[in-house]
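Alright, structures below, take your time with them.
One chain, chain A, appears in both complexes that follow, with chain B as partner in the first and chain C in the second.
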Partner chain A sequence: MLGYYFFLALRSLRRTRMLTALMVLAIAVGIGASMTTLSVMFLLSGDPLPAKSGKLFFPQLDPSTGATLRHTPMDLLDYTSAHDLWQAHRASRQAMLANAATRVQPTVSGQAPFIVQTLATTSDFFPMFNVPFRYGGAWSAQDEQRAAREVVISSTLNQRLFGGANSVGRDVVINGAQLRVVGVLDDWRPRPRFYMVVGARFSGGDTADLYGPPHDVYLPMPTGIDIAQADMQPFTCWSDGMVDPHHMTTAACAWVGLWVELPDVAARDAYRRFLEDYDDQQRSIGRLTHPKLTRMMSLHEWLDFQQVVPADVKLQTWLAFAFLLICLFNTVGLLLAKFIGRSNEIGVRRALGASRKAIFGQCLVEAGLIGLIGGLFGLFMTVAGIYAIRQQPVAYADLVAVDMPVFVLALALSLGASLLAGVFPAFRASRVAPALQLKVQ
Partner chain B sequence: MLKMTHLSKVYRTEVVETYALRDFNIDVNEGEFVAVTGPSGSGKTTFLTIAGLLETFTGGTYHLDGVEVSKLDDNARSRIRNEKIGFIFQAFNLIPDLNVFDNVEVPLRYRGMKAAERKQRIMESLERVGLASRAKHYPAELSGGQQQRVAIARALAGSPRLLLADEPTGNLDTQMARGVMELLEEIHREGATIVMVTHDPELAARAQRNVHVIDGQVVDLAEDPRFHAQVQAGRVNI
Partner chain C sequence: MQIAPILAALKKHRMATFLIAMEIALACAVLCNALYLVVERVRLSHVETGVDDDRLVAISLAGVDDAQAVDLGPRLRQKLSSIPNVESVAVANATPFGPQAGEAGFRIDPNDPVYRIQAHFYLGDAGFAKTLGLRLVSGRWFTADEYAPVDGFLPKASSLLVDADYASKLWPGQNPLGKPVLVTNLTFRVVGVVARMVRPNPSPFAATNSFITPALAGKGMASVYLLRVAPEKAQDVFARATAMITRDEPSVILDATASGPLTQLRDAYFANTRSMAIMMVGVIAALLLVSALGIVGLASFWVQQRRQQIGIRRAIGATRRDILHYFQIENFLIVGGGIVVGMVLAYVLSAVLMKLYELPLLPAYYLPYGALILWLLGQLAVLGPARRAAAVPPVVATRNA
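Coming up: the complex of A and B.
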């Protein structure tokens, strides 16, 4: 019977072209708006590292001193705590990292120096976060220990400095120091820049910049401290006097993050105990003075805690779905008018043997067909909406794209929504009293 | 074939009860051609819609082909309508955006018949009413008489045990009405049971038996004073 219902639905839609066009338009606009915002929402709220996110953790404690007690640990650690925890090597991988803004001297004479976002980190950073290399690789642990003048650069910076050629072994001048390129990253665009999400929850939802490109320069932590200590960007400091930026390793500032990779529950439990023991031990020697305040969130938990999805994107998504709901209510009304307008035909069909179930099915297939057509038009609107977003001046604009899951979801949502919209009108149609319709001719 | 005993149909509102049928008794045998006559509002069409399982009744019993139908659910009633009853309406009630072939096909679709058998039955029915050549025409392209013949073909296509006709010639001119009536007589001669509601005493006279309905009841005309009163008031044609 499905084929027959489909045949009847096509005829019915052709007969009432204007009404059909209105319903298709209502669904298409609703689907277009909701799928556009949902595409952005998926993009921004997706798992940035699906293969490993459950194994990556961000240990924290409260290194601050002074009279003010904290309720939660700071987003970053002081250098001593981070270095102690890192050096203990209690996780299968661990990486310290710190933000800096450094000055790069172009290799071509005559070009002006420029500032790049730089990450001082340790060698586990690259394998821990599955960072892809186009040329070369990470520096070795030994080179890191001796603060070798080595650097890893992004493909963007490699393009800018070396025209995209294999620059491994060539020199780059950063903050006046000559560094040898040991690795060039392949195209890498984590969404968001999850490894350094700090203080986002205080930004009032203005987190779009977290979705911008990752760092351009990666320095071994000791090298970074040597050549860019004064350029490090602290999260906060708590000393009474001025902070000397040239002595950040001993400064009363939180500026170093630590990520650890813990493959299983036992390893996580063990690391939590280690973190607490470390905190106890540091308080026992008087370096840490506040009550114990340790925490270790997974990557997922950390991103949720930091509320990385921009507030305006969440709002737009809600509004778009509310709009879809309004479009569906309109469709319910139009379908109701359409089906009840066919009461005579329904009465005849009932007289000739159609059960209520059959009439309900026929009407629902018609609603579904409208939904499918609306969904197809909705896809075009989604493409147009995404094109419009890509023209916006937001950090994630270039990342937004229509992909296959969005296509499938748009059609499924459209079909589901129209079937839902069709349920009540189809039910009403199936309750048309045949006798009344046939008597009143 | 069709037996109603003490059947009643009451329409209730908050303030009033209206009896459309009251203590209605009728027994139609297999192969009979019965005309149901009566003045407007007497309950003829209500009887026909109940007989055709298009409407439920309030009291009494109704046996159709030996089955008591009052307890049947919608699916079962629909199946009986589809398999045992053929309807012919005054206004033809063809579906305007389906062609003649597709209109005749409607009851067969709900029977779940295979395409080849459907096609054979449709063409046989259309040949029987002389419209096989118009299979691809739409109702609007046919005359009133032709439309009613399509409706008859649709009613016959499912080989029903009972044909229910509600003023089948009411919307036709004399010549077309004669043609449709001759067709019904021919169908009856071939063994069909026909119950026809009509105002027209000439048509009623061509049936085997007449049943008169007044005020929702079957009456014996010779003995019922209400009939004579209505004749005198000019409300009934003899």
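Coming up: the complex of A and C.
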């Protein structure tokens, strides 16, 4: 039966070429636009670390002093609080991290020095965030403690400095200090750069740069403090006295982030209590002076809170779906016109014994067929749309690609949408009274 | 031409009429908002900086440490001023369309302990105002003794200049001169108001929230240099400046993304804004196309369906013009209905966009524009089918369908 309807639908579509072309075009454009933006939206709002994101937490408190009170904790911690919490080792893994811009002096003569984005962190960072290594590995906890002159570099920097060779054991000169490479990362492009999302919520939705490549240099925290203290990038500093960038460990600045890995609910509750107790205790000794303001968000909550998905992308998605809706209304109107225009034929079929259900089914098959054809053309439009996005001057442009789920979703969406659009026209068509139509004939 | 019979006829096609009207309504909502965003973006990319864009070249250095800075600042200023066609040089902490360097929360009420507002603090040496070409609207420039060394990220000074537009927002209806600005443990007082000083990264909702503070080149201020050049010489001066730096200062790193003629930095800064505007224009075009196709399709169908009635009307005396007008007025009514609903939807969509962009609500004057565009589109789309309808000969009335 379905085959027969399919055959009828094909014949009917051929008969009204103009109307069919209009409907197919409308669906194709709508699907193309919505699938393109949806691909970008999926890419940018996806979970950056699906295996673990529910287990990673970002403890915060308010270390600021002085007259100015805050409503929410600052995005980062001061060094003392971060270090105390980190050193307590109350979580199964914990990593401190801080941003710095440091200066690399290539050892090949004639090459100019350049600036690299640097992360000062602790050894748990790599296993905690599943960071892949191509050569070597992380520094050891002992080396970290004695501020060993060791460094992990990205594959990009390894390419630039060593032509991509295994550089473990070779030296890199950063801020004038000679550091030995202990590890080279494999290609790693977390989206977004989730481990250091700071201040994004103040950017007015202009967050595309968070989707750029991650840091190029990873230093053990004590080493970073030794050689790049003045290059650390604080989130903010507060008012009691000026800030000396050469004493960041005691400065009145929030510049260190802390991530903890907590495998289950019990561990989470315990850590929350620990954080509160620490805050209480620090206030009792007078180091913290403000009312308690502790918070511990999961990675997912943190990214939501920071509104990492760029506003432009959300806008495009809204526009695209409004557009798809318009295309659907269009299709409903045209299908209605098409089916009612066939009232005579339907009347005859009804008179010859076709049930209402049969007419309804036949019309739906026709609508679905239009949807499928529209969806196929829509796929071409999606490919074109994604190509267009890749030409945009945004940090995530190179990440956007056509993938299988998008193809399947595009076809499913167009089929679903056209069936939905077909329901009402098909229902109307199935109400055609057989006798009346025959009389007019 | 009477409207009543048209309405009566439309009642027979309630559903199809409703669908077309809804399509127009949605199109109207999207169209008005997309137009608004495009206009806002175009307006932003033409933002007035308050400085002489085409006469300025920015040189930004990366990784200058404090020990280096003490000598480097004055030395580079000297070397840069000796380049031919350079009229003056200023040392600063940031340039328009470069990275922001002094974003900070501040207070204007000494009794309110909470930082509620933030702005960008420019640091400039004595050559800053002249080099940039700033205009003073009230108060005075800094005096020579007000320039102070930088400590942290601000100079230990006590006076500042403010953008005129921003001053009127901070102190509405009041004279800003003498007003306090409290940041970290420093208290500045406004000594002058400049006509305009754009912040480094202007956005639709914050373009002018900036202050200028008097600072001495040296420690903490040796990374950003602004060169005022003779007309049309920006490119040439920039090439000479980079060559000089590579030759004479091998330890210095030029920050390529934040250096160049200011007009180039401006273009680069707005590249994304422009591409979004172009994309939005594309969406508008596709939207209008689809709506037009829908109208053509449905109108053609109606004409087809009513051939006999049209024939009868022609036979009893209606002119071709009458038939043409009938379809045009019908379309005008349907689109009009859609537009009324669409205006409400436009505000719903605008409320969503407000959340995303912190944009003000859609200004009402976009609605008549949107309506006009859709009415014109509807008339254009219906013209073909209506002309075909008008061409139906009266003799059709005598034939059986």
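FYI, the second predicted complex is superposed on the first by the 439 of 441 C-alpha atoms of A that agree within 3 Å, B and C clash if a C-alpha of one lies under 4 Å from a C-alpha of the other, contacts with A are read in each partner's own complex, and residues count from 1 in each chain.
One rule holds in what follows: a contact is a pair of C-beta atoms (placed from the backbone, for glycine too) under 8 Å apart; a residue touches a chain by one contact, two chains touch by 3 or more.
Please read all numbers here as calculations on a predicted model, not as lab measurements.
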{"item": "Overlay on chain A: chain C relative to chain B, clash or fit", "value": "fit"}
{"item": "Touching partner for A:Cys327 - first (chain B), second (chain C), both, neither", "value": "second"}
{"item": "Partner chain(s) touched by A:Arg15 [first = chain B, second = chain C, both, neither]", "value": "first"}
{"item": "Partner chain(s) touched by A:Ala351 [first = chain B, second = chain C, both, neither]", "value": "first"}
{"item": "Which of chain B and chain C A:Ile115 touches, first, second, both or neither", "value": "second"}
{"item": "Touched chain A residues, chain B compared with chain C", "value": "C"}
{"item": "From chain A, separation angle of chain B and chain C (C-alpha centres, steps of 10 degrees)", "value": "90"}
{"item": "Which of chain B and chain C A:Ala141 touches, first, second, both or neither", "value": "neither"}
{"item": "First (chain B), second (chain C), both or neither touched by A:Tyr4", "value": "first"}
{"item": "Lowest C-alpha to C-alpha distance for chain C against chain B (Å)", "value": "12"}
{"item": "Shared chain A contacts, counted only where both chain B and chain C touch the same residue", "value": "none"}
{"item": "Touching residues on chain B, where the partner in the complex is chain A", "value": "45, 49, 52, 54-55, 74-75, 78-79, 81-83, 87, 89-91, 93-95, 97-98, 106-107, 109-112, 154, 158, 166"}
{"item": "Chain A residues touching chain C - in the complex, by the definition given at the top", "value": "18-19, 22-23, 25-26, 29-30, 33, 67-70, 101-103, 112-115, 202, 204-206, 208, 230-231, 236-245, 311-312, 314-316, 318-320, 322-323, 325-327, 329-330, 332-334, 336-338, 340-341, 388, 392-394, 424, 428, 440"}
{"item": "Partner chain B, residues of chain A touching it in the complex", "value": "1, 4, 11-12, 15, 344-345, 347-358, 433-435, 438-439, 441"}
{"item": "Chain C residues touching chain A - in the complex, by the definition given at the top", "value": "15-16, 19-20, 22-23, 26-27, 29-30, 34, 37, 62-63, 65-66, 105, 113-115, 118, 151-152, 184-185, 203, 205-206, 246, 250-251, 253, 255, 271-272, 275-276, 279-280, 283, 286-287, 289-291, 293-294, 296-298, 300-302, 304-305, 349, 352-353, 356-358, 401"}
